[in-house]
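Below are structures written as structure tokens.
Shared between the two complexes below is chain A, which has chain B as its partner in the first and chain C in the second.
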Partner chain A sequence: MSVITCKDVTKHYRSKKALNNLSFTIEGEKITGIIGRNGAGKTTILKILAGFLEATSGEVKIFDEKPFNNIMVSANSIYIDDQMTLPSSLTLAEILKTASNFYENWNTALADGLFNYFSLDPSQYHCNLSKGMKSTFNMILGLSSRCQLTIFDEPTTGMDAAVRKDFYRALLKDYIAYPRTILLSSHHLDEVEDLLEDVLLMKDGQLHLHIPISELKEYATSVKGKRTILEKWIRNKEVIHRSDLGAETTYAVVKNNSAVLLQLDNARHEGLDISPVNSSDLCVYLTSDTKGGIDDVFS
Partner chain B sequence: MFLAKPTTVSVIKKQYKYKSKAYLDVYFSLVVLQVISILLSFAGANSMGVGTPTMNINITYFSVDIVIVFTMIWGFITAIQLTTKNYRNDDFSFVTNRVNSNISNGLFLLTASIIAGITAMLSTFLQKSVLYYIGGTNFIADMSLFDYAKQIIIGIGSGILYVLLFCALGYVVGTLVQLHKSFTFIIPASFFGILFIIESLGLYDLRTYLFEFLFSEPSFVIFTLKILSIVAVVFTCATLMSNKLEVR
Partner chain C sequence: MILNTDGSKPIYIQISEWIETEILRGDLNSDQKVYSQYQLAEMFNINPATAAKGLNILVDENIIYKKRGLGMFVSTTAQEFILNKRKTHTLQKLIDEIVLEAGRLNVDEWDLFNMIKTANKRRRKN
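Let's turn to the complex of A and B:
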């Protein structure tokens, strides 16, 4: 049984298309990163999976059931983001207790452990927390509920670097202890790439790539060097990104294929710098509309 | 893969338990409102004086009608509050679907109506105690203790039903506003519009009929059935309307 199946999912907000025939399947227990630019439709698809929104058309199945208005899906999934509202009349300790009542797999030891580690005050109210503290508390809720489908949408908003690091570690440790399907959307791919098994790259409401992170790391090669030589070399290759670094130097990113890999030595001989592309930059290049990026605006 | 398979009943139970705790604030506003309305009830009493050269009789009617009216308004507003986005989203931070969320809201409002109806009716004793101990007023019993107790019980029953009716109305109004913001204007406009049409067309019979239908039913059993069926219809409509409402 696949955990998530999306087939031709389209979502309109009035006249705007947020999702456009999005199809993908996620099977088994793994951590998948949902990566994309602002407005790519990440939050929309995650909310549809959580059953908050209903797709305009297409088929969405979670554990073989439609998520909208489904208590089975609701009981086995949790959606965590920075806009999560929690009852303003309950203290943090009471919210944890309420959540433990709702989620069957709730792990009290983990919740208490994390709660104390991040030195949150049990008698505080959620609405009075700072942005980072809110995200920290939401993250505790997300991990401790141990839902088969755990969705983190930009969970690190407002967290400082130390807490972010702790969170990623806690996420990984608890995932190993209790494997489940985790979706993690983030703008900081470089921070999370060590956690991820798969990457789902979205662009303009459509699926751009859905591959294991290891493949993404070998997806492309960057070449830097004299413009005239480089231009000759990249001819007939799939160029993902290209920018001019100075009067004579150009930087380009080409998609790897057997032909490219065979010609790498030859490129080095011609004086071009060959290096791997970091996944975060690669995703930016893959999802950018213009080949030259922001430089095009100023040229 | 272990999947939790909750039943509708268990989810509603959990939601109800959670709401009973999380929405305790509404009772605080109820107490404040009822205290204010009891104070107002002293000022708002009808009085009538008969005077002869040798004697002066002053008759003052004290009632807790105003407390009941305030409590009805409280029920209306509380119900609207439950339909607002924040409250709705809170439900979905835990386990629920739209129907269960509505049913647990209904159960919470029923509980709140019972508490509010009882306290509103019992405020009559508070009022009389204040009049007796502070105002030095003596009361004349005009009926037997048994009849009086019976009247209080019927009073509590109808108080609960009126508050529940207004909760239901508030709930449907709140739901409509959540469906489309334009209802914030459409509902009051059509309410006063209809009142105006009734007045201008001289449809007094209709007005009297509606008034009597709700407020002058002599049989308590029929009255209960009437109110409960209106409440059931209204809540069902609100639930059906909000079943496609998206959250967060």
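Let's turn to the complex of A and C:
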């Protein structure tokens, strides 16, 4: 049974289509990264999956049930973001205590361990926490609930570099100890990519790519060199991105296929620089509206 | 070892190469148990599926073998195989690149040979 099935999911906010016929399935206990630009529809789909929003049309199934207004899905999933509204009259310790009654798999030892490690004050109120502390507390909630479907929407907002690193490691360790389906949306693909098994790349409310992270790394190749030679070489190839450096040099990213791979040696011999493209840059190129990026505005 | 995350080499390849080096150095011997995908995931802070992919490359090349329910172990021929593979592939590739660059710089064979000799001497001294 697949954990998540989306079929032709569309969501309108007034006249704006936030999601446009989005379809995908996620099977098994995997960590999947939800990647996309601002406004691509990441939060909308994640909130629909968690049952916070209802799709305008299309079919969404979580554990074979519709998530909206569904107690079964609510009990087995948790959605964490930086705008969580938690009761303002409860202290942090009381929130954890209450959450432990909600979630069947709640792990008190993990919650207490993380709470102490990050030196949170049990008598403090959630609304008085700093941005980073809030995110840290929410993350503890998300991990300790050990829900079969755990959704982190930009969980690291405001966290400093050390806390982010600790969070990623905690996530990985607890996932190994207790495998579950985790969705993680992030603007920092370079930070999370090692944790991920699959990547789901969104663009304009649609699915752009849904592949294992290892395939993303072999998805494209970058070529740099003399413009005249390079232009000849990239002919008949799918160019994902191109920018001109100076008067003579051009940088281009081409999609890999067997033909491209066979011609790499030949490109090297013609003096072109060949190198892999890191996943984070590739996603920016793939989801960019223009081939030249921000430079197009200034030209 | 800290993984190289600049994207120049996929993580799963780095994992398989790291285990190969452990075997070459004799830190992992024939019929000794290899790290599980979960141990590797924790050691290197990576997804267990990525670690598994690295291990599978080694299984495909018969460098390690699976024992059902027990884990993976180093094959008896592993060390020799890796040594040969690195000589014929990795080293050869490096040499091809050196020759190409030397050609661009008009360094002839004799000069190149002397440079290698000097480098070797330096290495022995250290």
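Note that the second predicted complex is superposed on the first by the 299 of 299 C-alpha atoms of A that agree within 3 Å, B and C clash if a C-alpha of one lies under 4 Å from a C-alpha of the other, contacts with A are read in each partner's own complex, and residues count from 1 in each chain.
As a convention for this text, a residue touches a chain if its C-beta (ideal position, glycine included) is under 8 Å from a C-beta of that chain, and two chains touch if they have at least 3 such contacts.
Worth saying up front: this structure is predicted, and the values here are computed from it rather than measured.
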Which of chain B and chain C A:39 touches, first, second, both or neither: neither
First, second, both or neither for A:90, with chain B first and chain C second: first
First (chain B), second (chain C), both or neither touched by A:54: first
Comparison of chain B and chain C by chain A residues contacted: B
Contacts of A:122 with chain B and chain C, given as first, second, both or neither: neither
Shared contact residues on chain A - chain B and chain C: none
Footprint of chain A on chain C - complex, ascending: 3, 5-12, 38, 41-42, 44-50, 53, 100
Of chain B, residues touching chain A in the complex: 1-6, 8, 11, 14, 17-18, 21-25, 86, 89-90, 92-100, 243-244, 246-248
Contact footprint of chain B on chain A as seen in their complex: 1, 3, 29, 47, 51-54, 63, 69-72, 74-76, 79, 83-90, 94, 98-99, 101-105, 148
Contact set on chain A toward chain C in their complex: 30-31, 168-169, 172-173, 176, 190, 193-197, 212-214, 217-218, 268-269, 275-279
